[in-house]
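As written, the chains take the letters A, B, C, D and E, and residue 1 is the first residue of each chain.
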Amino acid sequence: MNLFKWARTKSPWIIHFNTGGCNGCDIELTAALTPRFDLERFGILLEGSPRHADVLVVTGPVTLQVKDRLVRIYEQMPEPKHVIATGTCAISGAPFKECYNVHGGIDIVLPVDAYVPGCPPKPEAIIDGISKLIQKIKKE
Amino acid sequence: MAFVKEALKQLFRRPATLKYPYEKLTLPRDFRGRPIWDMEKCIGCGLCFDVCPSGAIKMIGKGLEAEIKHYVDRCMFCGQCAETCPKNAITMSEEYELAGFDRSKMLYEYKRDT
Amino acid sequence: MSYGSIIKVPFGPQHPALKEPGNFLFEVDGEIVVDVKPRIGYNHRGVEKAFELRTYIQNIYLAERICGICSDAHTTCYTQAIEELLGVEAPPRARYIRVIIAELERIHSHALWVGIAAHEIGFDTLFMYVWRDRETVLDMFEMISGNRIHYAMNTIGGVRRDIHADMVSKIKKGLDLLEKRLKYYLNVVQTEQTILKRAVGVGILKPKDAVDLCAVGPTLRASGIKNDVRVDDPYAAYDEIAFNVITHDGCDVLSRILVRCEEMLESIKIIRYGLDSMPEGIIRVQVPMKVPQGEVVSRVEAPRGELIHYAKSNGTTKPERYKVRSPTLGNIPALCKMLLGGYVADIPIVLAGIDPCFACMDRMAFVDVKKNKEWVWTMQQLRRKYAKK
Amino acid sequence: MGLDYAAVEKEVCKKMTAETIVSMIRILVFPGALFLFTLAFFYEWVDRKFFARLQNRYGPLHTGPHGILQPIADFFKLLSKEDITPHASDKLVFILAPIFYFALPLTTLFVIPILSQTSLISFEGDLIFVIFAFTLIIITVFLAGWSSINRFSTIGSMRAAVQMLGYEIPMGLVMVGPAIAAGSLSISRIVEWQSLNFWLILLQPLGFAVFTVCLLAELQFVPFDIPEAETEIVAGWRTEFSGRKLALLRLGRDLELVLASALITSLYLGGSQQFWLIPPIVIFLVKTTFAVMLLSLLRAVFARFRIDQMLSGMWKYLLPLAALQIILIQLGLGG
Amino acid sequence: MEKENEIVEKLKDFLKEKLVRATVPKKRRIFIYIKKDALKDAMKYLVKDLKFKHLSTITGVDLGGEIEVIYHLAHEGSIVLSIRLTVSEKNPSIPTITDLIPGAVLYEREVHDLLGVNFEGHPDLSPLVLPEEWPQGVYPLRKEHELEHLREITSKKSKREERN
C-alpha cells in the first residue's frame, strides 16, 4: 500500500448533507462525533466546506428541490470522493414511500459507495459503515 | 474559571469513549435489530406483508408454501411485523452492523425446506 | 461597522450549523443583517398526503418520522387523536409510560439543543460535555424501547412496551447522574462570561410580539408568558402530576437557554414521580382496524412547543385528512422578528434559539401557484407590517 | 609573486562549498525546514490530542501510536486530492496565497533560537521582523479569502482584517517589553539575557498574558476564530481551497502554531537554554509543548466572541494593559 | 364544560343565524360552523372580546367541490375552538385575518398554496414556494390528485435552472 493510499484511509474527512430526512440520522451522526463514539479517533473530521471533504454522508430521501443541490455539493468535492448513504431513507426512501415529493434513495442521483441501513442507524452502525468503506478503499 | 477546572479534571479521567470496533456495549434485551423469520412457524397469512409501513416485505405464494423476502434496505426496524405476526414467527434480532456496498445483496430470502 | 456594500450570505442546506436543509438568505450590510429571506421547505416530502394513503397502524410510524428528535411527541399526538376517534382510552399505566417517555424525550431534546447552542457560539467543549451526558438518556431509550431514536413506544390504544422493575432502578440511577450534571450546566450558563456575552440581550422577542406572532413553547415562555399544553390542556397522565411551568422574562437567547435548562430539571422530577406512582395493569387495549367517522384536534407539548394535529376519518382503515402543525413553523414569524437588525455572528445562536427543526415544517405542501420568477419567499411585506408594531 | 591563483581559488571554493552545504543542511534539514515540518505535525497532534482529552475523548488514536501520525496522514491525503481552482477566483492570488501563508511562518522561524541561544539567522531588529511577518500573514489571509470570490471567504477575510486591527497594536507593544528589558531588539539576545537573569514571565506577567491572548487571535483559535467561524460562514476564508493548497494552508497554520509557541518560549520562558546536562533543544521542545498545551487549553474553555465584542475588548482592555506593562517597565519594574 | 357552553352561547347570541352549527365534543374542544360572510365579524369578536388570541394553525380540507377552511384558535392556551367555513372550489376566496392575528401570515399562505384558497387582503400571497418548478393550478392536497399523478409531475419537473 503506498503512502497516499494509506493517508487516504487514515484521514477521511466527511461532509454531512440532509436531503430531507427526519433529523434522526443527523443527530446520530452528530452523536458519533461526540465523546462516547469520537469519530476523530479514525482521523475523521466533520468539514463544513465540500472542498475540504472526502466522503459525502447523506441522510434522508431525495426530494425534488434538494436534488440539484445534492449534485452540486458532490461536484464541488475534489476527487477522489465517496458517498455514504446513511439510514433507510437515504438508501431507498422507503419510510416516506407514499410521499409525492420523495424520489427514493440517493443512488438515483449519485454513485453510492456504501449503504448503512437503520432508522436511524446507531452511531456504532455508522462507524461500521465508514470502516467498511475504508476497507473498500484499501482494496481498490 | 469553573470551566477551566472542569476541563482540567478531564485529563485525569478515562475518556468517555467506547473504542467501538474493538469494544462493544452489550445490547439491551429488547433491542430492535434486523427482523428474522422462522419459516418453521410461519403459516403464510400475509399479515406482516400487509402491515409493514415501508414495504420491506414481499411474499411469494400464499399459505404454507409462501416464501418471504425481506429487503433490509427498505426496513425501518420498527418491529410492527414481529408484533403483528399471529405465530410469533418473527424475532427482532441483535444485528445492526448491516452496512453493505450493494443494494441487491441487502435482501434476505426465507424459503421452506421441502 | 460597514463595508459599504451589501453581501448576501446564504445560510442554507449545506450550512453546518443547521443539520437540516432549511434555507435562509440573509442580506447583510457589513456585519448587520438587513433582510431575512427564509425559504423553508427544503425537505418538503409531502407527508400529509401520505397519511391519507396509509392505514392507521402504518401511520404511527409515519408520524414518528416527521421528526427524529421529538418523534414521541408526534406519535403521542397521533395516537391520542385516533383513540379519541375510536372512543377508547389508553390504560392508566400506559398513560404514565407516555409521560415518562415524553419527559425523557424533552431532556434528550433540550440537552441536544444546549449542545448545539454551545456549538453555535463556538463553545465546542461544552457541546461535547452535554452530548456525552445526553448519552445517558439515549441508553435509557434503548433499554426501554429497543432503539435510541424512534422509540416506537406509542400505539393506538396504549404503549407497546412496559417499563419493568429492573429498568426503574436503572433509570433512577441515570437520573441522579443527569441531575447533577444539569445543575452544573445551569451554573456554567449563568456564570461563564463568554456565554453571557453572546446570549444576553441577543435576539429580543417582546411579550406582545410573541403573542401576536403566535410563538409557542420555550420561545414563548422565555418572553415571560406562561403557556404549556401539559397544564392548559392536559393529556396522558399530566393531570395527575404536579409540576412547574418555567418562565423567564429576559426575552433573549439567555432566557431561552435558562428555560430549557430548568425544564430539564423539572422533567427529571416528573419522571421520578411517574416511576414511583405508575399504576399496575395492562399497557394496551385492542382496537379495531376501522375508525368511525369523525374529526378531532389533538395537542401535545413537544419539546419545542405546542404541537397540533387535526384528524378527519371517514369510516375506513385510512384517514380522510391528516394535518400536522409542528412547533417550529409556529415560531418562524417570531424568528424573523428576532433576527432583523442583529449581527451576522448572532444568526446561528438566534436561529438555534427557537430550536428550529426543518424536518417538522416540511409537511406543509408549498406549491408554486403563479410560477413566479422570484421564488424566494420575501419577508418584506411581513416585516413592513410588523416592524412598526 | 608566485601565488597560485588557481589553487587559492580552489581552496576558497572548497571552503565555501563546505560552508554552503552545512548551512544548506541547517536551513533545509536541521533545525531548518524539515525539522520544523516535523515539529509542526507533532504540535498539531499535541494540540488535537490535548484538546480532545480536555473534552473527555481520545482524539486521533488509530493512526500510528496514539494517532501521532494523524497530521501527516491528513497532509499526504490532501496532497493526493484533486486541486480545484474555482472559475470565478482571481487565479494568481489564489495560487500564491497558500504558498505565502506557508512560507511566511517558516522563514520567520529561522530567527528564533532553537538549537542554542543563537538562531539560524539573527540580526539586531529581528523582533520587528517577526511583528512585521505576523501582519504579512494576515494580509495573505485577507488576499486568500478575497481571491476566492466566495461570499463566505470574502466575509472571512474581511473579518480577519478587522480582527487584525484589534490585536496588532497591543501585540506589538507588548513584544517590545522583553526587548526593553534585554536592551536589544534581537530575539537571540533576549534569550541570552534571560539565561543570565530571570525568565521574563516572572518580570512581566501582564505582558505574557496579553501576548498569549494576541497569539490566540493571530492563530484564529477560539475565542478568536471569527474569520473561520464554522457555524457562521462555513470555513471562512479557507472555504474554497482544496487539495494541495489546503495542505499548504494547514501546514502553514501548524508552522504558525510552532512560531507562536516558540515566541512564547523565547520571549517569556527563557528560550532554549542549557539546563544542567540537558541540551537546549530538549529544553526548548519541552517549553514549546507546554506553550502549545496552554493555547489549546484556552481554546477549549471559551466561546467565540463576536467581532465587535472582540474589537472593543481589545481596545478597551488589552491595549491599556499592554501600555500599562510598558509603563511599568519604564518605571523600572519588570526590566 | 360550563365555560365551553358559555362561549358557544355567547357566539350564538353574537352571530345569530350566521352560525350554522356548534358542538362541544369534549372538554376544552369546540367546533363551530359558520357562514362564509360572517368570518371577519366572528374572528374580531373571538379575538377581541373572547380573548382567543392564539392561532394554532389553519387547516384546509377538500370536501369535493367545496373546500373547508378550519381555524384552530386557543383561549389562554387551553380551550381549542375550531371555527370552520366552506368555500366553493371554483371561487375559493375569503378575507384574510392577518390584521387581527399577525401570526396567521404563514398559515394562510400554506393553505393558499396547498389548496388554492385565496385570502383577500393578505399582505403577500406570493407563493410560499416549494418545488419552484411545480405546475400552476396543481394543489396536491386536493383529492383529485392521485399519488401517481403527483409523482409524475415531480419527477418530470426535476430540472431546474441555476439561480443567483
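In this section, contacts are C-beta pairs under 8 Å (C-beta built on N, C-alpha and C of every residue); 3 or more make two chains touch, one makes a residue touch a chain.
Quick caveat: nothing in here was measured; it's all calculated off a predicted structure.
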Along the graph of touching chains, what's the shortest path length in steps from chain D to chain E? 2
Identify the chains adjacent to both chain B and chain D in the sense defined at the top. A, C
Could you let me know which interface, A-C or B-C, is made of more C-beta pairs in contact? A-C
Farthest chain from chain B, going by mean C-alpha coordinates, please. D
Taking each chain's C-alpha mean as its centre, the one farthest from chain C: D
What whole-Å value do you get for the distance between chain A and chain B if each is reduced to the mean of its CA atoms? 20
Where the CA atoms of chain A average out and where those of chain D average out, how many Å apart are those spots? 35
Distance between chain centroids, defined by C-alpha means - chain C, chain E (Å): 23
If you average the Cα atoms of chain C and of chain D to get two centres, how far apart are those centres in Å? 45
Touching at least two other chains at once: which residues of chain C meet that condition? 14-16, 41, 44, 46, 49-50, 53-54, 61-62, 65, 125-126, 128-129, 132, 135, 150, 192, 365
Send over the residues of chain B in touch with two or more other chains. 3, 7, 15-17, 19, 53-54, 76-78
Among all residues of chain E, which ones touch two or more of the remaining chains? 130-133, 140, 147, 150
Sort out for me which residues of chain C touch chain D in the complex. 1, 3, 7-10, 14-17, 28, 31, 118-126, 128-129, 132, 192, 194-195, 197-198, 343-348
Mind pulling up the chain A residues that touch chain B in the complex? 35-38, 41, 88, 91-92, 94-95, 97, 105, 107, 113-119, 121-125, 127-129, 131-132, 136
Quick check: in the complex, which residue numbers of chain D touch chain A? 48, 52, 55-63, 67, 69-70, 72-77, 79-84, 152, 230, 234-235, 238-243, 246
In the complex with chain E, residue positions of chain C that touch it: 39, 41, 44, 46, 48-50, 53, 84, 211-215, 227-229, 231-233, 295-297, 299, 306, 308, 310, 312, 320-321, 323, 325, 329-330, 332-333, 364-372, 374-375, 377-378, 380-382, 384-386, 389
For the chain D and chain C complex, residues of the former touching the latter: 54-57, 151-152, 154-155, 158, 162, 222-223, 225-226, 229-234, 300-309
